[in-house]
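Below, subunit A partners subunit B and then partners subunit C, in two separate complexes.
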Partner chain A sequence: MVLTLAKPRPIWQIMFSTHHTDVGLMYLIFSIMALFIGGAMAIAIRVELFAPGAQIIADAMTFNRLFTSHGTTMIFLFLLPSASAVGNYLVPIMVRYKDMAYPKLNAIAFWMIPPAAALVWLGMADFGWYANPPYSVISAPAPAAEMWIFGLKILGISSVLGSINFVVTILKCKHPDMSIGKVPLLAWSFLAASTIAIMAIPTFAAGLLMLLTDRLGATGFFNPLVGGDPIAYQHLFWFTFHPEVYVLVIPAIGMMYEIIPRFSRRPIFSHSSGVFAFVLLSIVAFASWAHHMFATGMSFTEKTVFMVGTLAAVPASAMHVFNFLATMWNGRIKFATPMMWAVGGIALFFSAGAGGVVNTAMPLDFITHDSYWVVGHFHLFVFGTIAFGTIGFFYYLFPYVTRRMYNEKLGVVHFILSMVGASLTFFTQHLLGLYGMPRRVFDYPEIPEWIAMNQIISIGAMIILVGMGIFLVNLIYSSARGKPANMNDPFGLGGKYYYPYSQLNPHHDKAGY
Partner chain B sequence: MRTIWAPIILIVLFATPMIQLVFASETPGEYVNRAQEIWNLFFRMMTIAFVVGGVIAGTIVWQVWRFRESNPKAKPTPYEDKGDL
Partner chain C sequence: MGHSNWPEWIYVAVVIALLVYVGAEAWNIENLIDHAPEDAEIIKVTAQQWFWSFEHADGTKEIGELHLKKDHAYKFEIHSKDVNHNFNIPEFLVLMDAVPGRINTVWFSPNESGEFDIQCREYCGLIHYNMRAKLFVEGS
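== the complex of A and B ==
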């Protein structure tokens, strides 16, 4: 479990381990690698859009391949595995069980990800991470499209297996003395997110299979040339992937629930309201998928239902925000790196939520639909909230993984650069959308406002890149040379609060485990 | 007295313009400029969003300043050194 770069364990010992901390470590390393690969694609996109005309990318098809792989990488290969990393490390410890319920299944779920990633990265499909028909059925080039479909299939199975493991571990393997109400909020967040994933993913699995048979010419579910309905695919897709947003954000909020009370030196203000808000979000996650499709000719009644369903997420989200604020109130807050990321994440979460309310108001959706506003909103949410919570938690987990401390100054610089970069990039994308720039375009006309805003966005992305470079240096250097951590109180908060397990070579059969 | 402000704000921001809009669409000789109405709604909602956002963000900033451990007024919480963190 402990990653010691100075005297490393044999790599095969980690790779063939089924111990939850080893699987967590593999998820962690893989997700950080995917973050940098997806980030490199994002930088290529932003350099291309720095000015009108082709800059570094030869043609629109290559650009489409890049943004498809960027989206797929960040969502399925960075955010989901990073949440699994945290869950694998901490859920068994939090429910006081020796491991995940099914350790071998856990390792299998992880090892399904690298081949799926290879399919996505080697194929480089060009239809966006949503693969909308009719383009994806009729025109998208093979074999990239098929590779993407099979890659996503494998990732879906991996997610379901991992989710089943979390649900069973929490519900059936928790210590008999621990009632479900006493389960920590981070574990609760994994219970909620895993339940959503188990319920949502099979729908898209069916959609992918139908897409594949359509492409093979065996069926015509989504092919309008043979009487199919492309909109039906969008329903299947968004029924899975709107809840998937909550699968990503709920664990990130759970991570904030670990960080904020500790660094405020106060217990969480209301455990029960946090649980209630997680359960509420899990339900309303399924009441809002069609708000992505207001422009597809839905009836007024349908749109109203989904508008109200989407707005129902506001009170649940606000409960979390107010829970955080009330916890910090009257605390003595230490602003170490994890706390900065958590508080920054709350601020951006609120901003992203406000933009989401605009998106879901029917008439306003027609202003913002398919414009850069949506890109800004989505990225503010996934980067500004989910990645902020996750990266903050990576810093929090660092002593646990390495038994060393990261460099605090570099961590703070990383946070400041990311906060400035994210604000410049994603808020400006909102404005660019209001100025009418459509999303998913390789080139744009020489409108002075568009050029200026695109350049601000690209500069913001570069600032994030510099911050991420510092993050990588900090991780690698501190893993090898960082100061040894006090494993009871690595952040100097006073008291004993840190996670108990820190064995060097975890094996299920070892005494004392 | 304080409770009366919420409905007044809601009426001014939402109800009155909506009523005007509905009657305008039913009155002969008048027509609704949808683009104008939608942009008006957008600006009203952004006004609300910025006001609420300002209050929340302001609270966060104030909390960060007031309850930071380096603030001279900061006092140890009752939970420190008890292992309750």
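== the complex of A and C ==
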């Protein structure tokens, strides 16, 4: 069940396994691969925008295909699978069950992802990760668009199957002695995120089919030439993908809930307020979708309703931040690599949330909308919060997966480079947006402020790249040659705070893996 | 549950108070700028891949250039001939989507004369990055 490179298991044993740790391992490896593929696309984009004029990308078409694939890759092929990796490893153990509720379905959900990824990467569609009609109906070239549509369709089904599995595992397979209130917060985060996914995804699944039949010319739901309404698509899209933001961010917060108490050597400040905030967040997640659409010509009333719905998500998020800080307060904190990532993630989560309040305040949205501000804003979420929590958790899981320790110094350097790089890149993007630079542009006019800020952003991206290179070296080298981990207390926190699962779980062998 | 949690509730109350303040302020300002003045001159804006054209109230048409007078209110009626675009004058914070099949309106009154950029802020395909026009505001 573990990846020990000193004594490797035959690869087909892992590939054809349905055990939750093996499926988790495949999710893990796939998501890290996708992180580097999506990252390479980001670097190409940043090198291109380092200066006005064409730099390394030959034409606008290639650039448009790159930013579309970058977004699709990072959201659907890195962030979602990386959360599934963590959930597969730990949710069954945390609810004290032998495996996921439906092990075969679990393996199927994973194996749907590689073909979907092949469709996305071989097609390279050019309509942005959101595929807004009428562009996606009348202008986007085939077959890339169809390949993207089918790829997303498969990913949606995979996501729903995985979510059903988590919900059933947590609600129906938890140990009879464990009440739902006692389920650890990491498992609670998967329960909340999976419930949102099951409720949100069908809407876009319908939208995708309508988009496909529109492209085939059979229907005209979103095609204004035959009386359709392109704005209807945006409603279907954001009804799924605003809640999807929470599907991504809630597991990352759950991972912080696992890391922060352990490395503060204190129990979580309030388990019940963490649960309460998760439940609240998964309800208000559905009240804010149209804040992405203020500029499509919405009425004053509509804008007001969705501004209030969006602001309603803030107290629940703020409760998590409070819970983290209150746990760390007076704790004996050990700043090992996972803790650094979690704390850095909280800082960037707070900044991202503050930026979100600005975006939804109606008049201010008309300043930031579709500018680089928004790019900076959501990257603070997806990279600064979600990827920070997830990468920190990858370090935390490392001894569990490989029975070896990663190199702590390299882990710290990776964190510092990512924190500096992310701050340079994403905060500067906010400023650049206020100077009026639109998103999704292949080239820009020679405005001195724009050039300077684009160069700072590209340098920040390079710093992140160096950090990720160190990450990769650390992962590969340490899983083969790292020091054997003390499996009772790999981080030297004082036994009782780490890996309590082995004692609690009768189905996992006594060493805890 | 189990232990006293009052600092968290005070904190949540402060957060909610801040949000109510931001929301109320946003509502007030949006209410103020939502309606164009009665005497605003109407300018029809047409977006298409990948240029802007304008039609003044007196029937004058312009392509890629727009000439306006300082301290005079204008109301733009924006529509698109093909895909979604976004009409944006960053200097004056004017921003509104151009959607085929719909007419969206936004108004402004330039308080500065000179030459300004008009750009497309919503991804619209191949030459989205260069879908630009010039705004000339002539002093009174």
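Some observations on this one:
Here, the second predicted complex is superposed on the first by the 496 of 513 C-alpha atoms of A that agree within 3 Å, B and C clash if a C-alpha of one lies under 4 Å from a C-alpha of the other, contacts with A are read in each partner's own complex, and residues count from 1 in each chain.
The definition used in the following text is that a residue touches a chain if its C-beta (ideal position, glycine included) is under 8 Å from a C-beta of that chain, and two chains touch if they have at least 3 such contacts.
Fair warning: this is a prediction, and the values are worked out from it, not measured in the lab.
Of the two partner chains placed by the overlay, only subunit B lies in contact with A:I346; subunit C stays clear of it. Contacts of A:R9 after superposition: neither subunit B nor subunit C is touched. In the superposition on chain A, A:I138 makes contact with subunit C only, while subunit B stays out of contact range. Look at A:G128: by the touch rule set out above, it reaches subunit C but stays clear of subunit B.
By the touch criterion defined above, A:G494 reaches subunit B but does not reach subunit C. Once chain A of one complex is fitted onto chain A of the other, the partner contacts of A:H235 are absent, as it touches neither subunit B nor subunit C. Legend: residue contacts after superposition of the two complexes on their common chain; A:T296 is shown touching subunit C, with no touch to subunit B.
With both complexes placed on chain A, subunit A has more residues touched by C than by the other of subunit B and subunit C. Contact with subunit C, but none with subunit B, is seen for A:D370 once the two complexes are overlaid on the shared chain.
Residues 357, 361, 363-364, 366-367 of subunit A lie at the contact with subunit B in one complex and at the contact with subunit C in the other.
For subunit A in complex with subunit C, the touching residues are 60-61, 64, 126-128, 132, 134-135, 138-139, 181, 224-225, 227-231, 269-273, 295-297, 300, 303-304, 307-308, 311, 314-315, 318-319, 322-323, 326, 357, 361-364, 366-367, 369-371, 435-436, 438-445. Across the complex, subunit A meets subunit B through its residues 261-262, 264-267, 321, 325, 328-335, 343, 346-347, 350-351, 354, 357-358, 361, 363-364, 366-367, 493-497. For subunit C in complex with subunit A, the residues that touch the partner chain are 1-3, 5, 7-8, 11-12, 15-16, 19, 22-23, 25-27, 29-31, 33-34, 49, 82-84, 86, 88, 90-91, 93, 95-97, 99-102, 104-105, 117, 119-130, 132. Contact residues of subunit B toward subunit A in the complex are 34, 37-39, 41-42, 45-46, 49, 52-53, 56-57, 59-60, 63-64, 67-69, 74-77, 79-85.
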